[in-house]
Amino acid sequence: MDTSTISLVDTGFLLICTAFVILMTFGVAFFYGGLVRRKNIISMLMLSFISFALVTLQWTFFGYSLAFGPDFMGIIGGLENCGLLGVFADQSTRNLLIPDMVFMVFQLAFAAITLAIVTSALAERVKLSSFIIFGLLWTTLVYDPIAHWVWGNGWAATMGILDFAGGTVVHITAGFSALALVFVIRNRHGFTQYSMNPSNIPLTLIGGALLWFGWFGFNAGSAYAINEIAVNAFVVTNISAAAGSLSWMTASWIYGKPGSLSMISGTIAGLGAITPAAGFVGPIAAFCIGTLAGLICYYALMFRLKQGWDESLDAWAIHGVGGFFGTLCLGIFASVTIGGVAGIIEGSTTQFGLQFLGAGIITLYAIIATYGIAFFVDILFGLRVSEDEEYVGLDLSQHGETTDM
Amino acid sequence: MDTSTISLVDTGFLLICTAFVILMTFGVAFFYGGLVRRKNIISMLMLSFISFALVTLQWTFFGYSLAFGPDFMGIIGGLENCGLLGVFADQSTRNLLIPDMVFMVFQLAFAAITLAIVTSALAERVKLSSFIIFGLLWTTLVYDPIAHWVWGNGWAATMGILDFAGGTVVHITAGFSALALVFVIRNRHGFTQYSMNPSNIPLTLIGGALLWFGWFGFNAGSAYAINEIAVNAFVVTNISAAAGSLSWMTASWIYGKPGSLSMISGTIAGLGAITPAAGFVGPIAAFCIGTLAGLICYYALMFRLKQGWDESLDAWAIHGVGGFFGTLCLGIFASVTIGGVAGIIEGSTTQFGLQFLGAGIITLYAIIATYGIAFFVDILFGLRVSEDEEYVGLDLSQHGETTDM
Amino acid sequence: MDTSTISLVDTGFLLICTAFVILMTFGVAFFYGGLVRRKNIISMLMLSFISFALVTLQWTFFGYSLAFGPDFMGIIGGLENCGLLGVFADQSTRNLLIPDMVFMVFQLAFAAITLAIVTSALAERVKLSSFIIFGLLWTTLVYDPIAHWVWGNGWAATMGILDFAGGTVVHITAGFSALALVFVIRNRHGFTQYSMNPSNIPLTLIGGALLWFGWFGFNAGSAYAINEIAVNAFVVTNISAAAGSLSWMTASWIYGKPGSLSMISGTIAGLGAITPAAGFVGPIAAFCIGTLAGLICYYALMFRLKQGWDESLDAWAIHGVGGFFGTLCLGIFASVTIGGVAGIIEGSTTQFGLQFLGAGIITLYAIIATYGIAFFVDILFGLRVSEDEEYVGLDLSQHGETTDM
Amino acid sequence: MQKLEIIIRPEKLEQVKKGLDEEGFHGMTITDVKGRGDQRGICLQYRGKLMKVDLIPKVKLEMIVPDEKVDDVIRIIKKEAYTGKNGDGRIFIYEVIKSVKVRTGEVITEW
Amino acid sequence: MQKLEIIIRPEKLEQVKKGLDEEGFHGMTITDVKGRGDQRGICLQYRGKLMKVDLIPKVKLEMIVPDEKVDDVIRIIKKEAYTGKNGDGRIFIYEVIKSVKVRTGEVITEW
Amino acid sequence: MQKLEIIIRPEKLEQVKKGLDEEGFHGMTITDVKGRGDQRGICLQYRGKLMKVDLIPKVKLEMIVPDEKVDDVIRIIKKEAYTGKNGDGRIFIYEVIKSVKVRTGEVITEW
């Protein structure tokens, strides 16, 4: 190691955090898997596993280079780092205390989980081969540019738009892309006609637990070092998650019963919302952000149901809306003493304006680009299985497998 | 970071350990969830998740301050740190090498899991709203003071009573509180009349695996640094867990068949018992502690069954008895070369006497205070659901959800 | 800590990695548990849990000493470290930057998982008591010597045979031992006559996720320090896993449908194959190794099915063949700039020859010694349950438990 | 007194139950089953090859009703369980000799 | 030869089985079912509103016995499955035409 | 028209289905059940003590067939479900009054 540019302790910390974030993609698998009908559990699980494998290779061969290679006009990275060429395992060229290779693999985990979150909109009806094509295109044309804009010295970074750990890059991108997808792939047969109750809530809670756990790596790791920012991020992440869990649960209690899915959806809402702000706000702000995120995302879910949009597992309502809200919250609650940036509460509206602009443009881009890609894949290959295959279930029709569980 | 008081490597280590301990509360969820009847799985899972969310907020707003704020007469902490005011993310005021904020969040995980363990006594019959009230009161009035006494410069600490990682504060407190609760909430309908077999042993083993894994953070992290104490704690924790697994399994083999629940209960018994002593005893002592804990807790469970106490998931027999036994073991097996303290085997009975006194008083306090709180909550709000709700199952009656699994 | 020989940051890193590897043994439990019929799930889970507990004690009392005690003629370690005597928690006598005690517990996790992998061949028919005897003998007579030869200054190490993280010691040993076992314990009743479909694929995927996660500790930790080797190992491990997942899935797609079990088997194949080479090859080589491993192991599985060998859960086809292939790959793809060793591609065939020799001898030893031990245990105690017990299922007949799940 | 064994699509259960409720038919016993009819399940195209999925999940309702109510139940089922596609289900009808209520001990032979 | 279809509470299964064993009734087939009787399941109070939980889990025992033993079985069930509360269950009785034992090929028509 | 209630070993299901298919019997409803026959399940030795495992998992096939086909089905089952060991299963046969096809409304009384 070139210990003049590298800190060993930060490198070790980031490696562990990376493993945590990688576990989260599997967490998404279990979270989503428990929410579908039994005949589609295996299919739902596989979409996340495949997302992870696929993005790993894409990232290795060219995705990382597109996102973090030398900047081209603020829009996209160059191809210099394709095949991880010139990505050093023992030195840093990125002004960080960790080797470039560690940065690369940490970012890989983010790219992968984003695609996994998007599969919410494809639940119980996507054709596997088309998903693979869509996934490759989407990561390349939607995720990689957005990651470049915000974190790879692209236009958003240049303008000063901030996203601590992915509220914009990961959650807005995934959530609004999922929404756009629904308008191409359309609703599941029988949606709104008969109930499509989750078949395995314990599995969903296993996923939720892994997500909560992994999120510490996601947010604390995004400080790229062990320092007060990482410590703060760790603590506020937990507070927001807890606040979101209880506020969503309470909201649904008022209208009916406090289900476990309310609670765990609130957790993810709280986590998604604190993500962009975790390095900039303190504990009490985190409590406010989590509580509000739980409520807002709850109403977003109600709204989507009323619209009859079958964005089946609520990537939009939870990640999309939560991430958008959190990105704004950075502009509201940011505290100079914590992250060096002032929000509205400390009297400055500049950052809020920037956040709003950034989130807005990226939301639009995600929607339009995803719609385009999905439309194209649908025309050429068909995004959706046949009605009979859907009826029989994707486990059997796509994978030839079933589960007793 | 103020690197004159802070060690970065220890800070990073503690952050990771904290995530491990947080995962344990979910481990308790799955462990307990698999042990109840299918109609109550979701409810049982939720009790742990809610415990974690609830205690997170309680700890943030005032719990931490009560436990670890400036000492008031050895009994309780002051309110100076409410809302995490004055809890630094970048320096240490506690004579540790990690920032106060990291200490705070590590301790948060301990407070949360303790409440989760207590839910054993509430299994399959508690009213959700009353649990929330009870949980808040219990953490505030039982857990926080005890944590203060032992770890927050309270009277027990002053006297020299030792508890390395929570055998007293976590396991005795949780186990005996659970026992006391049973005498207020009383047995489940049909208890002793018909079998209430666990419905999902694989889920319990998932929980057990997460607990075993997380316990390394629990015990090694309790050294608050990477040093020989942490290394020793890590190793002896594992040995005691293994010894407990095999000894309980063997005991139940002698009387019948070696079930997986015998084995995994033995694991937790071994882990609970080594917890207070992990910084003070060596590998061979750990083997003895684990083996004996497995046997003693096994007989404790038999005893409770004979008494007809429906402490449903055995927090008392495993955590309570195991933690008590382990607290005494510190006084027996402690070795000067390892932790600087001598036990009976090295010829000194002083520490044993202290341990006995401390464990005794705290046991009594936990029983009496918990009984009082539960009694009060029961009178005012009713701790228990109606008989019909219990019959239908708490998943449906409290949460409006069901699971196929 | 004796900080003249010890690095705190590496010690902390290795402790965390050890916890990761310990989690993997439970990962094997869930992976295997989901693959058997419902009546044997608990039994299958327990075999791994018991393996871990058993090897923990064996290792503590004498296994570590046999494997890593002072070398005796290149064949076995001496008994000087029995009971962990002379294994320091605060200094290193092994030319590593971590205390001997940390090295001991990291290696313990490897010894334990190896036995757990072997249980594949015993699935759904082994007698519990005989397994315990077999397991003790096998770890002592097969695993410990092999670990000594390769990693404990034995003959293989002296000759220059390389195994970065256990492709030979763990995967070849486990896989070929499992194969040998089948010829003693023989096929399950009804094998090839009626389908024995996996009953709980989600559980298998939970296991797979934990394995993928833990493997980062397995391989990166095998650098015994935070350095460029660890970073490289982390990255290539992930790439090979992803490549294996997709290549096996594709292969099975060509002949039928792309099942989730194809995908996750490919993951393990990719992970097993990269293990011996992770410190010596770069990303592109890792992609090739993973891809080829997925294909080769797929055909190995087909081959075993055609032979009618009931090596039930494919430890041989995946770990054995994958590990063997990976051990050779080190001799093919090794790059001087990464690990200081040149493979065939860089023009040197020496290392390849050594690898072939080492893998060959160890394969033979594992097969012969395991066959002998199993034969002996079978004659004396009977390895297998009665036909009726097998029919009823091992959960009930061996453990007196059942699961709804 | 007759028993109707009614096999329907699981997703139609709610609707069928509602239809029955409205006309006062409450007593029923429900079992998860799998089944195939004469058209042998569902036939999927898979890369040019045919793949038969027989044994589709179904729900079996058993209802014991007085002789004169049998036709009412049949009518309701035919209406509520109907989609018009293969697999809509069947009703099989049997004679019941006697019915006993455990709680009251009441025995019904004519109903 | 008649078939008794016995629907009881799951938690009473052990006791019922024991009662049957004692009088020499061994053969039986058991299915997990859900059901509701005429009182339409269980009615819970929830914040002033009523909430019906119909389709409570039950266990169905099927027993084929000789005509003259039917009343013995009914008697045992009425005793062992009884709690006195709603939901204790029902027994429905059918005629069996013929029974074949696969292993021996033995056919019973009169029993 | 009669109903055959066929109880077999789960591991024989594939083979039985194949045998039925070959002779053109497609319609069937399948339920997972547990059962014991007169020999009261399986008896295991455990450290000198006996341990009874009753309630072994079985599969129940229900098939409604025309009267004249009943014997064909019995013959097939006796052949395909046979192992010769305890627990091979039973067939119980009942009279069906009427059958209704939900999709077409078609009613069959004589078959």
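First chain written, first letter: the chains are A, B, C, D, E and F, and each begins at residue 1.
Simple rule for what comes next: a contact is a pair of C-beta atoms (placed from the backbone, for glycine too) under 8 Å apart; a residue touches a chain by one contact, two chains touch by 3 or more.
Treat the numbers as computed from the prediction; the structure is a model and nothing was measured.
Note on connectivity: the fewest steps through touching chains from chain C to chain D is 2. When the partners of chain C are compared with those of chain E, the chains appearing in both lists are B, F. More contacting C-beta pairs link the chains of A-C than the other of the two pairs D-E and A-C. Counting the residue numbers that touch the partner chain, chain A and chain B have less than half of them in common.
Per-chain CA centroids place chain C at a distance of 44 Å from chain F.
Inter-chain centre distance (chain D to chain F, centres taken as mean C-alpha positions): 19 Å. Between chain B and chain F, the centres computed from C-alpha atoms are 52 Å apart. Residues of chain A in contact with at least two other chains: 9, 12, 16, 200, 203, 206, 257, 405. Shared contact sites, meaning residues of chain F that touch two or more other chains, fall at 31, 94-95. The chain pairs satisfying the stated touch condition come to A-B, A-C, A-D, B-C, B-E, C-F, D-E, D-F, E-F. Listed in rising order, the residues of chain F touching chain E in the complex are 2, 7-8, 31-40, 54-55, 58, 60, 74, 77-78, 81-95. Those residues of chain A whose C-beta lies close enough to touch chain B in the complex are 7, 9-10, 12-13, 16, 20, 38, 197-203, 205-206, 208-209, 212-213, 216-217, 220, 226-228, 230-232, 234-235, 238-239, 241-243, 245-246, 249, 256-261, 263-264, 267, 282-284, 287, 405. Taken in their complex, chain F has these residues touching chain D: 3, 17, 26-31, 64, 94-103, 105. Across the complex, chain A meets chain D through its residues 39, 190, 193-195, 386, 388-389, 391-392, 396-397. By the touch criterion stated above, chain E contacts chain B in their complex at residues 11-12, 14-15, 42-45, 53, 56-57.
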